[in-house]
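The same chain A turns up in both complexes below, where it pairs with chain B and then with chain C.
After this line comes the complex of A and B, so read on.
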């Protein structure tokens, strides 16, 4: 089913919160709209957003991979060419721990960043309504809904005195459906 | 941190992006001055490559000199950057906001400069790849992981990778901001780096969690790196190097010099970019208090190191320690370390009116790093200048003009890279400043209205 997008732009926080409330009153669930801003607001400002994510799994997977790589580099290389030097054991645990530790941490760090990108849905190469005014301080309320509910979304967004309402097919700045 | 300046969103954006679009006369002076010293650095290094390491003061048994001292110094400087950023993020200290970006960038450029030193110290850097990666699958020949010179690159590369990822992750929202305001090559660059950032709630939530997670992960790495650098020395049998206290001693020394370098950087940013609204006196006050604790901790380990050397009454250790403390020129270095590293700056920082004076904080932070560079030299060189049972020949170490140029050039290199960074990327995190404004509150307490902040855990 086709999904239509509507973006309401608000100058201040109060209007944006009012728009979120108006959307809920019009029967839109929290999953149907998202708030775009140029900096985070305290959680719950626009109502509870579904916060399910698996970011905490990523560093654990990365750490396990890094540890395995560290073990392979230290233990594997020494065993593949077993050259005894100075009567020291081939698998000398203290120096192995150093490399394995660094490998573990490197893996955890890299996978955490990959996890952040994955959970943030970045890089975003799809098409979505956006307006550069959001990074200037405007707050955007982006509604994704069925085509037959688009008019209702626009009506709800208008109730909160938007600066602009953009719909698919209109370009930013052309003010196609000014509230 | 109860002092607060309410700034508009547009004002914050305009002021913090100003260095990207305008180059003040002082910045030009910086570019030209640092560029000139950098040119001397490049010439000195090229001269050394052409004529060989003979143009340096290195000779048996002094095979480690200014370049390794400088390597340890820059590794130390790199430490405080991420430490400050990570600890302040984890504790949700409000005064982190104007400091973190510059501190993280300083970490990366200091680490890169530090890594340069062992490479050019080989004298034949084009062969470095051959030495670093002798992964000879055909004959199964591998580097020996039991050597500290393998631990060192693994730790530093982990730290550099982690710090760079940490910095980049926190810069993505600012890349989107710059993307929406620029044209031409800048727009292309910022569009690529912003990865399509839109600023929805989920993305902001991930940013916040990432700040905590990456801070928690980078802190153990930060502790490990200078510990491992210290083991380059401590696992040898050279008297005064072979000390178990070296790891924590190096780490606390790194924090002392690094936090001081952050103060230097804060003062320079305030003067150069006119960031008075963001880098405020309260920030110098807070970091000054931190420095009192760090400096005193460093002094404790410094004295411990001396004590551990003389307590066993082992002749070699005692001899080197006597040489360090009482003989020219190391007696001067001892005085420099004590006076510049502690006895001038710390008593000054005790007084709030001095902590809130930018000029005094700037000059005391410079003094600390003069003292800390002297400390690195004092730690590394004397042990190598003595004849032992198996030393065939020995001599004094006198750094040549080439090595002095390399040391001075390394400072210019870091400064130049920081200036270039601030011309391309915002030197203060714009979104974090705005977040601070969003989270700022005013509470009515009785008849008073006091400043407060929303904190999320």
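After this line comes the complex of A and C, so read on.
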């Protein structure tokens, strides 16, 4: 199903909150619009519910994988080439700890990065209506909805005195600069 | 004006009465001015860095990797950068995790040092061939195959990667500002680094969590890396230096130097970077308290190690004390003791000094010098031992070596590598605005100054 995007730009926080309220009153669900800003606002400012994220799972899985890899490298090496040294046990824990710790940290780090990219949808490869004025302090309300509801979205956004309303066809709407 | 009004007898900082557009205006002003302001310091640092590289090629590289003593000041430069520049991002993480608001203008000053990590990493790779394998000598690796080379390199690579990730992700929203409003010369790299950042609610939700997660990982890797470096570069190279306290001393004193570096960076930004509205007494005072605490920890860890050797009094222990503190490197040790512990304690113990901007800045500069002397002392002592003194699992220092006196080339190497790190900072400052808009503007909603009868109170919001 085709999705149309409409971006309302607001100079101040009150207008942006009013726009979010107007969209909700017009029957748009929270999943259909997104708030864009150049600084973070406290959770719930625009009436949104705090969602559930799974970010913590990624470093845990990565750490487990890294630990297992470290254990395999160290334990496997010592068992494959069994050399008794100074009457010490074959699986000597102290030197194994260093490499297992390295593996754990490396795994956790790599998986955290992957988790970040996955959970925050970065780099954004889809379409996103955007305007550089957002990083100038304007607050954007980005509506993603069905084509037949586009006019209704524009009407709701207008109620809150926007500075500008951009649609996919309008010239001012730009993608964030790509490398 | 940096501060005005009073609360509980303390001046209130102006930062929290600014509007988001004021903060953005300051950041955009920084981006406009930074290229012109930093051109000369950048060129000077680049020149010194090139001279330092030439000195490395001409002196230690020409003498070969077998002569470890020739590499003493390369190692000192490496350990000094690891103790200062690499420690600063760890401080930033600690402040973020503590969720204080005063830290918001401080974070960028600490995190920007993460961009310098490539220099210690390259120095580490250069130094690796100077170490013998660990099969026939005492080390933390217990003769593990390819140690210390491969496993140390992996650890350093992980740390460097984590440092760059931390610096990148914590700057992502500000890089988007440079992308949209920077000069054409600034936009290209900023656009590439901030691709996809639109400041959506979803992205902001992850921003803080991700920066905290990567920061915590960085600290965990940093502590492990410093423990291994303390062992590989110092303990394992001095026969008879059996100590479990030294790695902790080495790591804790690095945190101390990281705090000192952040304070000095803040003072420079305040004096020459137009940051008086953002870096005020509140930040210097808070970090001054931390610096005092870590200066006391310097003594605690040094004492914990020293008392064991002092009371043990075996010939082995006496030789170690003579080498590191009492004879060979007596003056570097006395200076280190004075600059890392005695002077910071004597200065910062006074409330009015600790609560000032000048007091913590002066002590920060003192600690940076003290840490450098300490790292030179330790590296000079450790790198004076030839391989023959270590092999055969040597348990004792056979002969007390003479003190290593640096030549002009050594000084050029040290200065050049530090200048290289500074050059990277000056270059990065073209893309990373001060103050960080995301941090400071994001904190404006959560902190305010309110009148209460005749007083003015700081009201702090906690969103969770």
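We adopt the following convention: the second predicted complex is superposed on the first by the 170 of 179 C-alpha atoms of A that agree within 3 Å, B and C clash if a C-alpha of one lies under 4 Å from a C-alpha of the other, contacts with A are read in each partner's own complex, and residues count from 1 in each chain.
Note that in this section a contact is a pair of C-beta atoms (placed from the backbone, for glycine too) under 8 Å apart; a residue touches a chain by one contact, two chains touch by 3 or more.
All values derive from a computational prediction rather than experimental measurement.
After superposition onto chain A, the modelled positions of chain B and chain C overlap sterically. In the superposition on chain A, A:2 makes contact with neither chain B nor chain C. Of the two partner chains placed around the shared chain by superposition, chain B and chain C are both touched by A:34.
In the superposed model, A:95 makes contact with both chain B and chain C. In the superposed model, A:80 lies in contact with chain B only, and not with chain C. Applying the stated contact rule after C-alpha superposition, one finds that A:105 touches each of chain B and chain C.
Overlaid on A, the two complexes show chain B and chain C touching the same residues of chain A, namely 34-43, 46, 51, 53, 55, 59, 77, 85, 92, 95, 98-99, 101-102, 105-106, 108-109, 112-113, 116, 119-125, 128, 130, 132, 134-137, 142. By the touch rule above, chain B contacts chain A in their complex via residues 8-10, 13, 139-147, 150-151, 154-155, 157-158, 161-162, 165-166, 168-169, 172-173, 176-177, 179-181, 195-210, 213-214, 217-218, 220-221, 224, 228, 431-432, 434-435, 437-439, 454, 456.
The residues of chain A lying in touch with chain B in their complex are 34-43, 46, 49, 51, 53, 55-56, 59, 73-74, 77-78, 80-81, 85, 88, 92, 95-96, 98-99, 101-103, 105-106, 108-110, 112-113, 116-117, 119-125, 128, 130, 132, 134-137, 142. Listing the residues of chain C that touch chain A in their complex gives 20-21, 24, 140-145, 151, 154-155, 158, 161-162, 165, 169, 173, 176-177, 179-181, 187-188, 191-210, 213-214, 217, 220-221, 224, 228, 437-438, 441-442, 444-446, 461, 463-464. Contact residues on chain A toward chain C in their complex (touch as defined above): 34-43, 45-46, 48, 51, 53, 55, 59, 77, 85, 92, 94-95, 98-99, 101-102, 105-106, 108-109, 112-113, 116, 119-125, 128, 130, 132, 134-137, 140, 142, 176-179.
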